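See the structures that follow.
Two complexes are shown next, each including chain A; its partner changes from chain B in the first to chain C in the second.
Take a look at the complex of A and B:
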């Protein structure tokens, strides 16, 4: 009885749901992107006009801003998360668990609440920061609100935990004796980081980096709430095309471009990472 | 070289800075909600709970919570059913195609959420389905079900299949084995999975933006009211919404306690 393997049957409902609600919509989007501009029907009248006009009509910059934002956010969160992960791992115990839980908690408070909080904090004049400084020290400060920098700050703020937790799993994969051995052999700090720690923690870093980058690629709330009109990200450009311009094929073409960038990063990584090994721990 | 004691201080300061940075915006929401003026003028001349009274009297508050709750409950049910079955295929059974299944399953997680919402919106519109809270459930589920499947799978990896075989050898029926052996092993994972599903759905903004149509869940309302038409009602409802999700989690934890006590 145990010989017969029911694994496939258990997987079937999930596979069916994912094909219907994840794969099929993507196929429809690709199909729409090949339709003549401003059409609302799926036909076999395929063409590449939308992709050609995507760059001619100035949709290059929004895509570029999203890519730059995602790259910077990934780099900054990684730089902040690495020492944090090492501290939490090294001093594992009651305090570290409390700190870890405190870092995880905000993930479950809505992004809109936290970004709104950041905007009232940074608000000029009567904002939390500016108002407090004025009342306590009589210092007037300006604001970074409604700049690209503010949008980037928001992205780093929101995505830090997504980088930290996979990284924490990665750092957990470094055996302590390996570092000691390297130290005994006279390796310096940088050599240990480059030759021992980073390679051993690589799966965690890769998952964290990938997750952060991909989430940032589509992020638009940060730019909308904190960035003002300083920057148009690709998601905002797509939405504008879908809703206001009623040009579905163009919106679809832009969506496909984002999907292609995502796939180019995710597919090779997923093939390489053995997720089982990371989560089995 | 820095001395050991100094290095420890650097670490403490680093961790405290990170925590402060994470919680200052959340504290700011709380502070902003205690005003009674339309424009933020911090520090407030008058600290008041007017905004909370206003929120309690406003029917919008209830509507927003009901819509968010409706979506979250459906997402939890879908995630638990599909996730539990999926986790059996992910971690319990060895079958042809399992590796592919494991790799494909994470693809929706590594996908930009608003783009997923837009793709769903376009396909639904093409099929003539009007977006509503039900389409938002679908959008949430595409992202959350794989996560819940992984959460349940993590627990299942430690599961010893020999227990089931032993039960069969002792003459247990298939149903008895499922109820007495498999399910108790799955239960902690299912519970954490349900908690994750609820919290992720309740707080999600990017998947709802384009898929919820005329039904506005809580995070989406906060998002649109932050940009236009601000008043202290906005932070007050943000605080209430976060508080309610905390209460739901607390209730679920209590329920688990009662259930496990009843089982013993």
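Take a look at the complex of A and C:
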């Protein structure tokens, strides 16, 4: 047996680890989501009550806010990352590596710390922004803190690098002569972007978009720290079910819903990405 | 004969990159319908020159006129010219048809009209119509060449530029495509400006050739003029295997220094002598003793590498014309001074 199929035996430790640490927790979550409300045991008493009450009890809006937030953040970071990636690619060299490093550096700092920093910056009256404007120009401004806009700003700020780095790879996949050929054949700026640059950079765009979207869907801290009570996202609702309401089956049902939404988006997109092509370039 | 207006007129065109001058004050008129080829070694500035003409680079100084219209500041996408790139630069994410239709799509031509024109162009470049929907990634090297050509023609350009499009192609296919390109030029009647490093290719294709060196045109002429009357050693040596003999002045008159024989009526500092002008003929007007160091069969001719005094020479003799010289043999070779092309530098 060992001699006939050595690949299987070498893969066995990995398969076991995946089953134990990846598949098993998923099964437990799905199982819990089918248990009666507020139970702490896994039994065979299956039912769909949790899913029914997920929509009846007003968990629709948090899920919707999460989806809207993720979509908006993905679109905004993409719009910001495209020109950034183009500039960094064109001026590749020392200067560009320093800028790239500066953009990457904050990833190593805890997300909450950075968000509290942004919160201090935005605070009304004594905040860094308002305080500086008042001291220097005697301008009084309000604050956007504790609004949906502040939450979105935090989302964009936190997730920008996750969009930028795949996008840099994507932009690197556009050969310069293709742009020149399009120009030579009468294409203007927008036509070049639409017909040549975006299709050629598509794998990078898709990876960046997916990464950002999925991370945003699971994001919680931005809404909690910067958004105040202006908005409740689905992650916050799930956390609340598990930690405070002691309603594990309900939390599990909401988790399964988020996983399903994510899977519905990710699987079709992943099928269109040729990772080998990105790496080889 | 009436003088036709210049299709493209270059006036003092110059391009500098920092301290380096890639194109140095070039002025020339290219005639309507002409097949004009620019030949030069790598680094001579020929690619930069064609990029200036296509509008992909802006000149440092000088003007560019297309049929009398100043297009110096016109961006590439508004110039009525098209280029076939050395890399071909095909849009690999699009089909053959979409590649050919690209320029028409940019002009806003209706899809059905675009398709008809694309099919017409496919026939023109000798590709089957079934290639229309094929991804360009599934085309062979020669097919990709043809798609690139059809794509350039798809913009219905006044002038077509070619930046060494055949340099990466094997010999047989290159020869086929050269002939097709020449036929295409005759059929379309368009002005072709062609860049190559091969003077042989230029000879086959062109009405007129410019030899480029260090950003300047060293000589401009018809293939025949360039072949028969090179104006410098650089041009002469570009033609491939050629013998160049330096002339020195002595009290007894001019001599070929390396051969140690008299050079009667020397009309320049160097004598350019084609290999076929050199014969193992003791009765020729000028003769010298030479040793055969190599003998190569070229099919229709036999090539001899000779050592005569200080000089290494090459002679080519029609196969079957009797010369049965063997390696290491010493014999008298000679030539007729009338076959010499004299150059000063």
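One rule holds in what follows: the second predicted complex is superposed on the first by the 264 of 281 C-alpha atoms of A that agree within 3 Å, B and C clash if a C-alpha of one lies under 4 Å from a C-alpha of the other, contacts with A are read in each partner's own complex, and residues count from 1 in each chain.
Here, a contact is a pair of C-beta atoms (placed from the backbone, for glycine too) under 8 Å apart; a residue touches a chain by one contact, two chains touch by 3 or more.
Owing to the predicted nature of the structure, the values given are computational and were not obtained by experimental measurement.
For the composite obtained by overlaying on chain A, chain B and chain C can both be accommodated side by side without a clash.
Once chain A of one complex is fitted onto chain A of the other, the partner contacts of A:13 are limited to chain B, with no touch recorded for chain C. Using the contact criterion defined above for the overlaid structures, shared-chain residue A:205 touches neither chain B nor chain C, since it reaches no partner. With both complexes placed on chain A, chain A has more residues touched by B than by the other of chain B and chain C.
Legend: residue contacts after superposition of the two complexes on their common chain; A:257 is shown touching neither chain B nor chain C.
After overlaying the two complexes on the shared chain, residue contacts for A:178 are found with chain C alone; chain B is out of touch.
Annotation: apex chain A, arms to chain B and chain C, angle 90° (C-alpha centres, rounded to a multiple of 10).
By the touch criterion defined above, A:188 lies against chain C but remains apart from chain B after alignment on the C-alpha atoms of chain A.
Look at A:155: by the touch rule set out above, it reaches neither chain B nor chain C. Between chain B and chain C, the shortest distance over C-alpha atoms in the superposed arrangement works out to 10 Å.
Shared interface residues of chain A (contacting chain B in one complex, chain C in the other): none. Per the touch definition, chain A reaches chain B in the complex via residues 1-2, 5-8, 10-11, 13-15, 17-18, 21-22, 24-26, 28-29, 32, 40, 42, 80, 83-84, 87-88, 91, 99, 102-103, 106-121, 123, 125-128, 130-132, 135, 157, 160, 210-211, 214-215, 217-221, 224-225, 235, 238-239, 242, 248, 251-252, 255, 258-259, 262, 266, 269-271, 275-276, 279-280. Within the complex formed with chain A, the chain B residues making contact are 11, 14-15, 18-19, 21-29, 31-32, 39-43, 81-83, 85-86, 88-90, 92-98, 101-116, 118-123, 125-126, 138, 141-142, 145-146, 149-150, 153-154, 157, 164-165, 168, 199-200, 202-206, 209-210, 218-220, 222-223, 226-227, 234-235, 238, 241-242, 245. The touching residues of chain A, when paired with chain C in their complex, are 175, 177-178, 180-188, 191, 195-196, 199-200. Residue ranges of chain C in contact with chain A, taken from their complex: 54-56, 75-79, 81-83, 85, 87, 89-91, 93, 102-103, 105-107, 151-152, 154-155.
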